[in-house]
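I am attaching a structure below and will ask some questions about it afterwards.
Note that the chains take the letters A, B, C, D, E and F in the order they are written out, and that residue 1 is the start of every chain.
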(Lines give C-alpha, C1' and ligand atoms only; values in the text may rest on other atoms or scores of the structure.)
Protein backbone atom coordinates (compact mmCIF):
# COMPACT_ATOMS: atom_id res chain seq x y z
CA UNK A 1 0.00 0.00 0.00
CA UNK A 2 2.85 2.37 -0.40
CA UNK A 3 1.88 5.77 -1.77
CA UNK A 4 4.51 7.45 -3.90
CA UNK A 5 4.75 11.20 -4.38
CA UNK A 6 7.05 12.61 -7.04
CA UNK A 7 7.97 16.29 -6.77
CA UNK A 8 9.31 17.54 -10.06
CA UNK A 9 9.55 20.57 -12.31
CA UNK A 10 7.47 20.73 -15.46
CA UNK A 11 9.10 19.91 -18.77
CA UNK A 12 8.89 16.15 -19.26
CA UNK A 13 6.60 14.54 -21.83
CA UNK A 14 3.55 12.54 -20.83
CA UNK A 15 5.29 9.45 -22.21
CA UNK A 16 8.29 10.00 -19.95
CA UNK A 17 6.10 10.51 -16.93
CA UNK A 18 3.85 7.50 -17.61
CA UNK A 19 6.89 5.29 -18.26
CA UNK A 20 8.48 6.45 -15.02
CA UNK A 21 5.33 5.68 -13.04
CA UNK A 22 4.96 2.24 -14.63
CA UNK A 23 8.56 1.34 -13.78
CA UNK A 24 8.15 2.60 -10.22
CA UNK A 25 5.04 0.43 -9.90
CA UNK A 26 7.10 -2.57 -11.01
CA UNK A 27 9.87 -1.65 -8.56
CA UNK A 28 7.39 -1.96 -5.72
CA UNK A 29 5.76 -5.15 -7.00
CA UNK A 30 9.19 -6.76 -7.36
CA UNK A 31 10.76 -5.65 -4.10
CA UNK A 32 7.79 -5.61 -1.72
CA UNK A 33 5.68 -8.39 -3.18
CA UNK A 34 2.58 -6.20 -3.31
CA UNK A 35 -0.07 -6.28 -6.04
CA UNK A 36 0.29 -3.57 -8.66
CA UNK A 37 -3.22 -2.48 -7.66
CA UNK A 38 -1.92 -1.51 -4.24
CA UNK A 39 0.56 0.99 -5.69
CA UNK A 40 -0.63 4.58 -6.03
CA UNK A 41 1.63 7.24 -7.51
CA UNK A 42 1.08 10.97 -7.87
CA UNK A 43 3.27 13.54 -9.58
CA UNK A 44 3.18 16.98 -7.98
CA UNK A 45 4.53 19.03 -10.87
CA UNK A 46 5.72 22.56 -10.27
CA UNK A 47 6.18 25.37 -12.78
CA UNK A 48 9.87 26.28 -13.19
CA UNK A 49 9.43 29.41 -11.07
CA UNK A 50 8.20 27.33 -8.12
CA UNK A 51 11.28 25.18 -7.80
CA UNK A 52 14.79 26.10 -6.66
CA UNK A 53 18.09 24.29 -6.40
CA UNK A 54 21.38 25.83 -5.35
CA UNK A 55 19.73 29.18 -4.72
CA UNK A 56 18.49 29.52 -8.33
CA UNK A 57 14.94 28.98 -9.57
CA UNK A 58 14.56 26.51 -12.40
CA UNK A 59 13.76 29.52 -14.61
CA UNK A 60 17.23 30.90 -13.84
CA UNK A 61 18.84 27.50 -14.21
CA UNK A 62 17.22 26.95 -17.62
CA UNK A 63 18.39 30.41 -18.75
CA UNK A 64 21.94 29.71 -17.55
CA UNK A 65 21.98 26.32 -19.31
CA UNK A 66 21.12 27.96 -22.65
CA UNK A 67 24.11 30.27 -22.57
CA UNK B 1 -2.12 22.16 14.58
CA UNK B 2 -2.31 19.21 12.34
CA UNK B 3 -1.78 20.00 8.67
CA UNK B 4 -3.69 17.81 6.25
CA UNK B 5 -2.60 17.17 2.68
CA UNK B 6 -4.98 15.48 0.27
CA UNK B 7 -3.47 14.00 -2.89
CA UNK B 8 -6.18 13.40 -5.46
CA UNK B 9 -6.90 13.33 -9.17
CA UNK B 10 -8.93 16.12 -10.74
CA UNK B 11 -12.59 15.54 -11.45
CA UNK B 12 -14.52 16.41 -8.30
CA UNK B 13 -16.71 19.49 -8.02
CA UNK B 14 -15.78 22.44 -5.83
CA UNK B 15 -18.77 21.59 -3.65
CA UNK B 16 -17.51 18.05 -3.09
CA UNK B 17 -14.05 19.27 -2.24
CA UNK B 18 -15.22 22.02 0.12
CA UNK B 19 -17.63 19.62 1.86
CA UNK B 20 -14.83 17.09 2.27
CA UNK B 21 -12.51 19.68 3.80
CA UNK B 22 -15.22 20.95 6.17
CA UNK B 23 -15.93 17.43 7.40
CA UNK B 24 -12.23 16.70 7.84
CA UNK B 25 -11.95 19.90 9.89
CA UNK B 26 -14.76 18.66 12.11
CA UNK B 27 -13.11 15.23 12.41
CA UNK B 28 -10.05 16.91 13.91
CA UNK B 29 -11.99 19.24 16.17
CA UNK B 30 -14.01 16.29 17.51
CA UNK B 31 -11.21 13.79 17.99
CA UNK B 32 -8.28 16.00 18.95
CA UNK B 33 -10.07 18.78 20.77
CA UNK B 34 -8.34 21.47 18.72
CA UNK B 35 -9.91 24.72 17.56
CA UNK B 36 -11.13 24.67 13.97
CA UNK B 37 -8.77 27.60 13.40
CA UNK B 38 -5.81 25.31 14.06
CA UNK B 39 -6.75 22.98 11.21
CA UNK B 40 -5.18 23.70 7.82
CA UNK B 41 -6.02 21.54 4.81
CA UNK B 42 -4.59 21.65 1.29
CA UNK B 43 -5.63 19.61 -1.74
CA UNK B 44 -2.80 18.79 -4.12
CA UNK B 45 -4.80 17.97 -7.21
CA UNK B 46 -3.17 16.17 -10.11
CA UNK B 47 -4.30 15.97 -13.72
CA UNK B 48 -5.37 12.43 -14.67
CA UNK B 49 -2.11 11.86 -16.56
CA UNK B 50 -0.09 12.55 -13.40
CA UNK B 51 -1.63 9.84 -11.30
CA UNK B 52 -1.31 6.06 -11.57
CA UNK B 53 -2.84 3.08 -9.78
CA UNK B 54 -2.28 -0.54 -10.66
CA UNK B 55 0.16 0.40 -13.41
CA UNK B 56 -2.43 2.48 -15.31
CA UNK B 57 -2.64 6.26 -15.43
CA UNK B 58 -5.99 7.71 -14.48
CA UNK B 59 -6.39 8.63 -18.16
CA UNK B 60 -6.17 4.93 -19.03
CA UNK B 61 -8.41 3.97 -16.11
CA UNK B 62 -11.07 6.49 -17.17
CA UNK B 63 -10.95 5.19 -20.75
CA UNK B 64 -11.26 1.58 -19.55
CA UNK B 65 -14.19 2.49 -17.29
CA UNK B 66 -16.12 3.96 -20.25
CA UNK B 67 -16.00 0.74 -22.23
CA UNK C 1 -8.36 7.15 -4.31
CA UNK C 2 -7.40 10.19 -2.36
CA UNK C 3 -4.38 9.73 -0.13
CA UNK C 4 -4.41 11.74 3.06
CA UNK C 5 -1.29 12.76 4.93
CA UNK C 6 -1.57 14.22 8.42
CA UNK C 7 1.44 16.11 9.77
CA UNK C 8 1.21 16.44 13.52
CA UNK C 9 3.26 16.62 16.69
CA UNK C 10 3.35 13.66 19.05
CA UNK C 11 1.15 13.69 22.11
CA UNK C 12 -2.26 12.34 21.11
CA UNK C 13 -3.51 8.93 22.23
CA UNK C 14 -3.91 6.04 19.82
CA UNK C 15 -7.67 6.26 20.37
CA UNK C 16 -7.71 9.91 19.32
CA UNK C 17 -5.65 9.19 16.24
CA UNK C 18 -7.68 6.14 15.16
CA UNK C 19 -10.95 8.03 15.71
CA UNK C 20 -9.67 10.95 13.65
CA UNK C 21 -8.66 8.65 10.79
CA UNK C 22 -12.01 6.83 10.86
CA UNK C 23 -13.93 10.09 10.70
CA UNK C 24 -11.72 11.37 7.87
CA UNK C 25 -12.43 8.14 5.99
CA UNK C 26 -16.15 8.78 6.41
CA UNK C 27 -15.73 12.39 5.27
CA UNK C 28 -14.33 11.12 1.97
CA UNK C 29 -16.91 8.37 1.54
CA UNK C 30 -19.72 10.87 2.15
CA UNK C 31 -18.47 13.75 0.04
CA UNK C 32 -16.73 11.98 -2.83
CA UNK C 33 -18.79 8.84 -3.09
CA UNK C 34 -15.72 6.60 -2.97
CA UNK C 35 -15.52 3.21 -1.25
CA UNK C 36 -13.91 3.30 2.18
CA UNK C 37 -11.38 0.82 0.78
CA UNK C 38 -10.11 3.50 -1.59
CA UNK C 39 -9.18 5.83 1.26
CA UNK C 40 -5.63 5.60 2.60
CA UNK C 41 -4.47 7.79 5.47
CA UNK C 42 -1.03 8.14 7.02
CA UNK C 43 0.01 10.17 10.05
CA UNK C 44 3.52 11.58 9.88
CA UNK C 45 4.11 12.26 13.55
CA UNK C 46 6.97 14.47 14.60
CA UNK C 47 8.66 14.72 17.99
CA UNK C 48 8.00 18.09 19.64
CA UNK C 49 11.50 19.31 18.80
CA UNK C 50 10.86 18.74 15.08
CA UNK C 51 7.88 21.03 14.81
CA UNK C 52 7.70 24.83 15.03
CA UNK C 53 4.94 27.40 14.98
CA UNK C 54 5.36 31.11 15.45
CA UNK C 55 9.12 30.74 15.69
CA UNK C 56 8.94 28.41 18.73
CA UNK C 57 9.47 24.66 18.72
CA UNK C 58 6.67 22.64 20.25
CA UNK C 59 9.08 21.91 23.11
CA UNK C 60 9.24 25.63 23.83
CA UNK C 61 5.50 26.05 23.33
CA UNK C 62 4.74 23.22 25.77
CA UNK C 63 7.10 24.75 28.35
CA UNK C 64 5.48 28.19 27.92
CA UNK C 65 2.00 26.68 28.27
CA UNK C 66 2.93 25.15 31.65
CA UNK C 67 3.91 28.45 33.18
CA UNK D 1 20.27 17.13 1.13
CA UNK D 2 17.19 18.38 2.82
CA UNK D 3 14.22 18.71 0.49
CA UNK D 4 11.81 21.48 1.36
CA UNK D 5 8.15 21.48 0.36
CA UNK D 6 6.09 24.61 0.79
CA UNK D 7 2.31 24.23 0.72
CA UNK D 8 0.67 27.58 0.09
CA UNK D 9 -2.31 29.24 -1.50
CA UNK D 10 -1.89 31.19 -4.72
CA UNK D 11 -1.63 34.94 -4.57
CA UNK D 12 2.01 35.83 -3.96
CA UNK D 13 4.20 37.40 -6.63
CA UNK D 14 7.03 35.52 -8.29
CA UNK D 15 9.46 37.93 -6.60
CA UNK D 16 8.06 37.08 -3.17
CA UNK D 17 8.26 33.37 -3.85
CA UNK D 18 11.79 33.47 -5.28
CA UNK D 19 12.99 35.65 -2.39
CA UNK D 20 11.45 33.25 0.11
CA UNK D 21 13.15 30.26 -1.52
CA UNK D 22 16.51 32.04 -1.63
CA UNK D 23 16.31 32.91 2.06
CA UNK D 24 15.27 29.36 2.95
CA UNK D 25 18.28 28.08 1.00
CA UNK D 26 20.51 30.37 3.07
CA UNK D 27 18.83 29.20 6.29
CA UNK D 28 19.91 25.65 5.49
CA UNK D 29 23.41 26.58 4.38
CA UNK D 30 23.93 28.58 7.58
CA UNK D 31 22.44 26.15 10.08
CA UNK D 32 23.32 22.77 8.58
CA UNK D 33 26.59 23.59 6.86
CA UNK D 34 25.42 22.10 3.56
CA UNK D 35 26.26 23.43 0.11
CA UNK D 36 23.53 25.54 -1.46
CA UNK D 37 23.55 23.01 -4.31
CA UNK D 38 22.27 20.35 -1.94
CA UNK D 39 19.15 22.34 -1.11
CA UNK D 40 16.07 21.65 -3.24
CA UNK D 41 12.84 23.54 -2.64
CA UNK D 42 9.44 23.10 -4.28
CA UNK D 43 6.31 25.18 -3.81
CA UNK D 44 3.06 23.22 -4.09
CA UNK D 45 0.68 26.07 -4.77
CA UNK D 46 -3.04 25.52 -4.41
CA UNK D 47 -5.90 27.57 -5.86
CA UNK D 48 -7.87 29.36 -3.12
CA UNK D 49 -10.70 26.83 -3.39
CA UNK D 50 -8.31 23.97 -2.58
CA UNK D 51 -7.19 25.28 0.76
CA UNK D 52 -9.10 25.59 4.03
CA UNK D 53 -8.38 27.00 7.47
CA UNK D 54 -10.80 27.21 10.34
CA UNK D 55 -13.48 25.47 8.31
CA UNK D 56 -13.49 28.15 5.57
CA UNK D 57 -11.93 27.84 2.12
CA UNK D 58 -9.50 30.58 1.19
CA UNK D 59 -12.14 31.80 -1.27
CA UNK D 60 -14.50 32.35 1.67
CA UNK D 61 -11.74 33.86 3.79
CA UNK D 62 -10.79 36.30 1.04
CA UNK D 63 -14.44 37.31 0.62
CA UNK D 64 -14.83 37.82 4.37
CA UNK D 65 -11.64 39.90 4.53
CA UNK D 66 -12.99 42.29 1.88
CA UNK D 67 -16.08 43.14 3.86
CA UNK E 1 15.97 16.47 -9.74
CA UNK E 2 12.81 14.70 -8.89
CA UNK E 3 12.36 14.04 -5.20
CA UNK E 4 10.50 10.88 -4.33
CA UNK E 5 8.59 10.37 -1.10
CA UNK E 6 7.35 6.92 -0.17
CA UNK E 7 4.65 6.71 2.51
CA UNK E 8 4.46 3.20 3.89
CA UNK E 9 3.70 1.18 6.98
CA UNK E 10 6.54 -0.45 8.89
CA UNK E 11 7.22 -4.14 8.36
CA UNK E 12 9.51 -4.48 5.36
CA UNK E 13 13.14 -5.51 5.68
CA UNK E 14 15.99 -3.10 5.03
CA UNK E 15 16.91 -5.20 1.98
CA UNK E 16 13.42 -4.81 0.53
CA UNK E 17 13.45 -1.08 1.12
CA UNK E 18 16.95 -0.53 -0.29
CA UNK E 19 16.14 -2.67 -3.35
CA UNK E 20 12.94 -0.71 -3.93
CA UNK E 21 14.80 2.61 -3.73
CA UNK E 22 17.53 1.40 -6.09
CA UNK E 23 14.98 0.29 -8.67
CA UNK E 24 13.08 3.55 -8.37
CA UNK E 25 16.34 5.41 -8.96
CA UNK E 26 16.86 3.38 -12.13
CA UNK E 27 13.27 4.06 -13.22
CA UNK E 28 14.02 7.78 -13.16
CA UNK E 29 17.41 7.49 -14.83
CA UNK E 30 15.87 5.40 -17.63
CA UNK E 31 12.72 7.40 -18.25
CA UNK E 32 13.84 10.96 -17.55
CA UNK E 33 17.46 10.77 -18.62
CA UNK E 34 18.68 12.28 -15.34
CA UNK E 35 21.87 11.31 -13.51
CA UNK E 36 21.36 8.89 -10.64
CA UNK E 37 22.95 11.56 -8.44
CA UNK E 38 19.99 13.83 -9.10
CA UNK E 39 17.52 11.34 -7.67
CA UNK E 40 16.70 11.67 -3.96
CA UNK E 41 14.31 9.26 -2.28
CA UNK E 42 12.96 9.26 1.26
CA UNK E 43 10.76 6.69 2.96
CA UNK E 44 8.35 8.13 5.53
CA UNK E 45 7.57 4.98 7.47
CA UNK E 46 4.61 4.92 9.82
CA UNK E 47 3.93 2.55 12.71
CA UNK E 48 0.93 0.31 11.97
CA UNK E 49 -1.29 2.36 14.29
CA UNK E 50 -0.62 5.51 12.25
CA UNK E 51 -1.92 4.18 8.96
CA UNK E 52 -5.48 3.36 7.91
CA UNK E 53 -7.10 1.86 4.82
CA UNK E 54 -10.77 1.08 4.42
CA UNK E 55 -11.53 2.49 7.85
CA UNK E 56 -9.22 0.05 9.65
CA UNK E 57 -5.81 0.81 11.10
CA UNK E 58 -3.01 -1.45 9.91
CA UNK E 59 -2.98 -2.90 13.43
CA UNK E 60 -6.59 -4.02 12.89
CA UNK E 61 -5.87 -5.20 9.37
CA UNK E 62 -2.90 -7.28 10.54
CA UNK E 63 -5.03 -8.83 13.30
CA UNK E 64 -7.83 -9.63 10.82
CA UNK E 65 -5.34 -11.20 8.38
CA UNK E 66 -4.09 -13.58 11.06
CA UNK E 67 -7.50 -15.05 11.72
CA UNK F 1 -0.30 30.23 6.20
CA UNK F 2 2.35 28.40 4.34
CA UNK F 3 3.16 24.99 5.77
CA UNK F 4 6.75 23.87 5.39
CA UNK F 5 7.83 20.25 5.33
CA UNK F 6 11.52 19.40 5.58
CA UNK F 7 12.56 15.90 4.51
CA UNK F 8 16.00 15.09 5.88
CA UNK F 9 18.18 12.28 7.14
CA UNK F 10 18.92 12.00 10.84
CA UNK F 11 22.22 13.29 12.16
CA UNK F 12 21.81 16.99 12.89
CA UNK F 13 21.72 18.36 16.42
CA UNK F 14 18.55 19.80 17.93
CA UNK F 15 20.24 23.20 17.93
CA UNK F 16 20.88 23.00 14.19
CA UNK F 17 17.33 21.94 13.48
CA UNK F 18 15.75 24.60 15.71
CA UNK F 19 17.99 27.30 14.23
CA UNK F 20 17.06 26.21 10.73
CA UNK F 21 13.35 26.34 11.53
CA UNK F 22 13.65 29.76 13.15
CA UNK F 23 15.46 31.17 10.11
CA UNK F 24 12.91 29.63 7.75
CA UNK F 25 10.16 31.27 9.80
CA UNK F 26 11.90 34.61 9.37
CA UNK F 27 12.31 33.97 5.63
CA UNK F 28 8.54 33.71 5.31
CA UNK F 29 7.79 36.67 7.57
CA UNK F 30 10.20 38.84 5.57
CA UNK F 31 9.23 37.78 2.05
CA UNK F 32 5.50 37.13 2.39
CA UNK F 33 4.58 39.63 5.07
CA UNK F 34 2.82 36.99 7.17
CA UNK F 35 2.82 36.83 10.96
CA UNK F 36 5.31 34.37 12.44
CA UNK F 37 2.32 32.69 14.07
CA UNK F 38 1.02 31.72 10.64
CA UNK F 39 4.16 29.75 9.81
CA UNK F 40 4.13 26.04 10.66
CA UNK F 41 7.17 23.87 9.98
CA UNK F 42 7.61 20.13 10.40
CA UNK F 43 10.75 18.05 9.94
CA UNK F 44 10.13 14.54 8.65
CA UNK F 45 13.40 12.92 9.66
CA UNK F 46 14.38 9.58 8.18
CA UNK F 47 16.89 7.06 9.49
CA UNK F 48 19.92 6.77 7.19
CA UNK F 49 18.64 3.48 5.77
CA UNK F 50 15.41 5.14 4.63
CA UNK F 51 17.03 7.73 2.40
CA UNK F 52 18.87 7.30 -0.90
CA UNK F 53 20.73 9.59 -3.26
CA UNK F 54 22.57 8.52 -6.38
CA UNK F 55 21.50 4.92 -5.90
CA UNK F 56 23.15 4.62 -2.46
CA UNK F 57 21.43 4.65 0.89
CA UNK F 58 22.73 7.21 3.36
CA UNK F 59 24.15 4.27 5.32
CA UNK F 60 26.29 3.40 2.29
CA UNK F 61 27.15 7.04 1.65
CA UNK F 62 28.28 7.54 5.26
CA UNK F 63 30.43 4.39 5.04
CA UNK F 64 31.98 5.56 1.77
CA UNK F 65 32.69 9.01 3.22
CA UNK F 66 34.65 7.47 6.10
CA UNK F 67 37.06 5.67 3.84
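Here is the rule we use: contacts are C-beta pairs under 8 Å (C-beta built on N, C-alpha and C of every residue); 3 or more make two chains touch, one makes a residue touch a chain.
Heads up on the chains, UniProt names are A, B, C, D, E, F = Tautomerase.
Fair warning: this is a prediction, and the values are worked out from it, not measured in the lab.
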Self-contact between copies chain D (Tautomerase) and chain F (Tautomerase), residue sets same or different by half | same
Does D-E or B-C have the larger number of C-beta pairs in contact?
-> B-C
If you line up contacts by residue number, which pair in B-F, A-C or E-F shares over half of them with C-F? Let me know.
-> E-F
Could you tell me the distance, in whole angstrom, between the mean C-alpha positions of chain A (Tautomerase) and chain B (Tautomerase)?
-> 20
Can you tell me which residues of chain B (Tautomerase) touch two or more of the remaining chains?
-> 1, 3, 5, 7, 9, 17, 26, 40, 42, 44, 51, 53
Touching pairs among all chains present in the structure = A-B, A-C, A-D, A-E, B-C, B-D, B-F, C-E, C-F, D-E, D-F, E-F
The residues of chain B (Tautomerase) that touch chain D (Tautomerase) in their complex are 3, 5, 14, 17-18, 21-22, 25-26, 35-37, 39-45
Chain A (Tautomerase) residues touching chain E (Tautomerase) in their complex are 1-9, 12, 16-17, 19-20, 23-24, 26-28, 30-32, 51, 53
In the complex, chain B (Tautomerase) touches chain A (Tautomerase) at residues 7, 9, 44, 46, 49-55, 57
Within the complex, which stretch of chain A (Tautomerase) touches chain C (Tautomerase)?
-> 1, 3, 40, 42
